[in-house]
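These are the structures, in C-alpha cells.
Here come two complexes built around subunit A, the first alongside subunit B, the second alongside subunit C.
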Partner chain A sequence: MTKAEITSKVNALLAEEFEVEESVITPDANIKKTLELDSLSLVDLVALIDNEFGIKTNGAEISKVGTFGELYDFIESKIA
Partner chain B sequence: MQQGEEIKQLIPQREPIMMIDTFYGATETTGKSGLTVLADNVFCEGGQLREMGVIEHIAQTCAAYNGVKNKQNNGEASKPKLGYIGEIKKCQIVRLPRVGEQLTTDVVATAQVMNVTLMEATTKIGDETIASCQIKLFEED
Partner chain C sequence: MERRVVITGVGIYSCLGKNLDEVKQSLWDGKSGIIFDEVRKSMGFRSALTGHVDLPNLKGVLSRNQRVYMPEQAQYAYMATAEALKNAKLDQDYLDAHEVGLLYGNDSSAEPVVKSVDTMREKGDTTLIGSGGIFQSMNSAVTMNLSCIFKLKGINLTVSGACASGSHAIGLGSLLIKWGLQDMVVCGGAQEINPYSVCSFDGISAFSTRESEPAKASRPFDRDRDGLVPSGGGATVIIESLESAIKRGAPILAEVIGYGFSSNGDHISVPNVDGPRRSLEMAIREAGIRKEEIGYVNAHATSTHVGDQNEAKAIASVFDDYKPEVTSTKSQTGHEMWMAGASEVIYSMLMMKNDFIAANINFENPDEDSAKLNIPGQRVSKHFDTFLSNSFGFGGTNSTLIVRDFKG
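After this line comes the complex of A and B, so read on.
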C-alpha cells in the first residue's frame, strides 16, 4: 500500500468514525484537537487501526502521534 | 463454567442487579455468559426484560470477562474492580426477552487502552440474535 493510499483510506475512515469533514484532516493538523479525542475515544482510534490495517498497537504508542501526518507515517512503518 | 456465588468473584454487582447467572468462560479476547429471565428481575416489566436490563446484562458480561483477565494478571484473590459504561454505540435490540427465556451473550474485546476496553457484544436466545452493540467500559484502578 502506497503512502497516498494509506492517507486516503485513513482520512475516509476517520471522517466516518469521528463524524468530521474530511477537509479538516490535513497532515499538519493535530489529531486530538481535530477529532476531539479523549481517554475514552482514543480506544476507537486503536481499534480502527487494528481492524483496518491489522496493526496491534496500544495507547502509549498512539498518544505519541501528534498530527495526521505522523499517523500516516506510523501506519506506513508498521505495515512496511 | 461459573454460577451463583462464583460469579461474585468476577463482577462487583450484587443482588438484586446481578444480571448474569452463568459465566461459561473466557479466552484471551472473548467471554460468554448466560441469564435466565426470572419474573422478579428488577428490570422486568409486563413479563419482559426491558432494554436497560439487556444492556446491563451485556455490560456485566464484559465485566466478568475483565474479572477473569484481572485474576489472570493479579492473582486469584484479587477482587473485581468497579467499572462504568463509557459509551454504547451501534446498539440494536431486536426484541425484548420474555420471562423464562435464557439469554446467552458473547463479547469480543477489540481494543484496550489503559483502563478502557472496547467490546463487541451479541446476545442470543437460542440461535436468535436479539441484541448487539459496541460497548466501551472504563474500569477503576
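After this line comes the complex of A and C, so read on.
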C-alpha cells in the first residue's frame, strides 16, 4: 500500500467513524483536537487501526502520534 | 405534608408506533405489533415471534460520542424521553437550572455483552472491544446515557425489578416527589428486542409457538393461549409535584394517586395469587379510593397459562362483584417486559384521554378464571377517569399503579 493510498484510506475511515468533514483532516492537523478524541474514543481509534490495517497497537502508543501526518507515517512503518 | 404527584409529559416508542399519535391509533384499531423473525428461527429459537420496532436513526440528532455508549434500549428510551420532554414543555434551560431526577426501568443489556465477549475471543485483545462495550453492557445503560444527554441533576438510578421495572420506577419516583425529596422525576422503562436478550427465555418454553399467526399469538386471558411473545421499546413518564407543575404552567395530564407493591416470597417464575392481590389492595389503600372508582384495569397478563389465571383470580378477589373492564394491552404489543409498567400507563392514559378501552385482541374464549372478569374482546367506548395498572415479574415482584385524570 502506497503512502497516498494509506492517506486516502485513513482520511475516509476517520471522517466516517468520528463524523467530521474529510477536508479538516490535513497532515499538520492535531488528531485529538480534530476528531475530538478523549481517553475513551482513543480506544476506538486503536480498534479501527487494527480492524482496517491489521496493526496491533495500544492507547499509550497511539496517543504519542500527534498529527495525521504522523499517523500516516506510523501506519506505513507498521505495514512495512 | 404529602405532596400530590402529577404526570406532565409522556413519550412512547413501541411496536405499536413511534410516537403517541401512532400508538393511539394502533390501540384504537386493535393492531398487533408482533412479527415472525426469520433470524431467530435460524438461530435455533423455539419461537421466532417478537414485537418489532425499527431502531431510530440518531445520527445527526446526537453526536457520535453520545451514541457510541447507547445500546438499543437506550436509543428507544431517548426517543420516548425526547417526546415526553417536549410534551411536558421542558427545555434544556429548565433541566440545567433544576435538580430533575431520573428513575428508569431496565433489567438487561445482553447484546453488547455478547458482542464484547465475541470480539475478545476472536481477537484476543480486550482493547478491540471498543469504548462503548462497558457502558452499553450495564443494566444502568439507559439511565447513564439519558442523564448525560439531557444533563439531569437529580436522582440517577436504574430500577431492575424484572417485568415490573417500569412500574416500580414510576411508583418509586412518585414517592420521592410525595415526600418532598424531588420536584420532578423522569421515569420510564426500556426493553431491548434483540435475539440475544431473550434466547434463554425462549429456552424455558415460555413463548407462544403460534408462529403461523403472529398477530394471534399473544392472547392474554384466552382459553387457548400458549405463552407470551417478547417485545420491547421505550416509554417515558414525567412526573412532578403539583406545585412544580402549576408554577411552570405545565400541561397536567393525570395524577399518580396510588402505588402498591409486594413480593410473592414464593417460586422464581410461577406467580401466585396472594402476592398480586396484596399489591392491588395496597395501591387502592394508598390511593384512598373505593375500588368502584376504578373504571379500567390494565392487567399484567402476558398470555401464559398460570400467570393469567392467577392474576384473574387476584383481580376477581379484590374487585369482588364490581366488574370494571379488564384488558391486557400485551395482546397487541406482546410482553414489553422491563418497559411494560411504563408503557402500559401510557397506553391506559391514551385510552382515558380519548374515551375508549382498546380491545383485548384474541380474547375469543374465556377460561374458568377469566370468565369471572369483564374482558372486552372488542374496543369499548367508555369514559373513565381512574385506572389501575398491574406489573408483575420474576422472583415474585409485584407493582400496581393507580392513575387518575387530573381534576384540579
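Descriptive notes on the structure:
In this section, the second predicted complex is superposed on the first by the 80 of 80 C-alpha atoms of A that agree within 3 Å, B and C clash if a C-alpha of one lies under 4 Å from a C-alpha of the other, contacts with A are read in each partner's own complex, and residues count from 1 in each chain.
As a convention for this text, contacts are C-beta pairs under 8 Å (C-beta built on N, C-alpha and C of every residue); 3 or more make two chains touch, one makes a residue touch a chain.
All values reported here derive from a predicted model rather than from experimental measurement.
Of the two partner chains, neither subunit B nor subunit C is touched by A:55.
When the two complexes are overlaid on their common chain A, residue A:29 makes contact with neither subunit B nor subunit C.
Touched residues of subunit A, counted separately for subunit B and subunit C, are more numerous for C. Within the superposed three-chain model, A:15 lies out of touch with both subunit B and subunit C [touch as defined at top]. Once chain A of one complex is fitted onto chain A of the other, the partner contacts of A:46 extend to both subunit B and subunit C.
Contacts of subunit A with subunit B, set against its contacts with subunit C after fitting on chain A, overlap at residues 40, 43-44, 46-47, 50-51, 58-59.
Looking at the complex, you find that subunit A touches subunit B at residues 39-40, 42-44, 46-47, 50-51, 58-59, 62. Residues of subunit B touching subunit A in their complex: 86-87, 110-114, 116-118, 136, 138. Residue ranges on subunit C touching subunit A, taken from their complex, read 59, 63-65, 68, 123, 125, 127-132.
Across the complex, subunit A meets subunit C through its residues 17-19, 36, 38, 40-41, 43-44, 46-47, 50-51, 56, 58-59.
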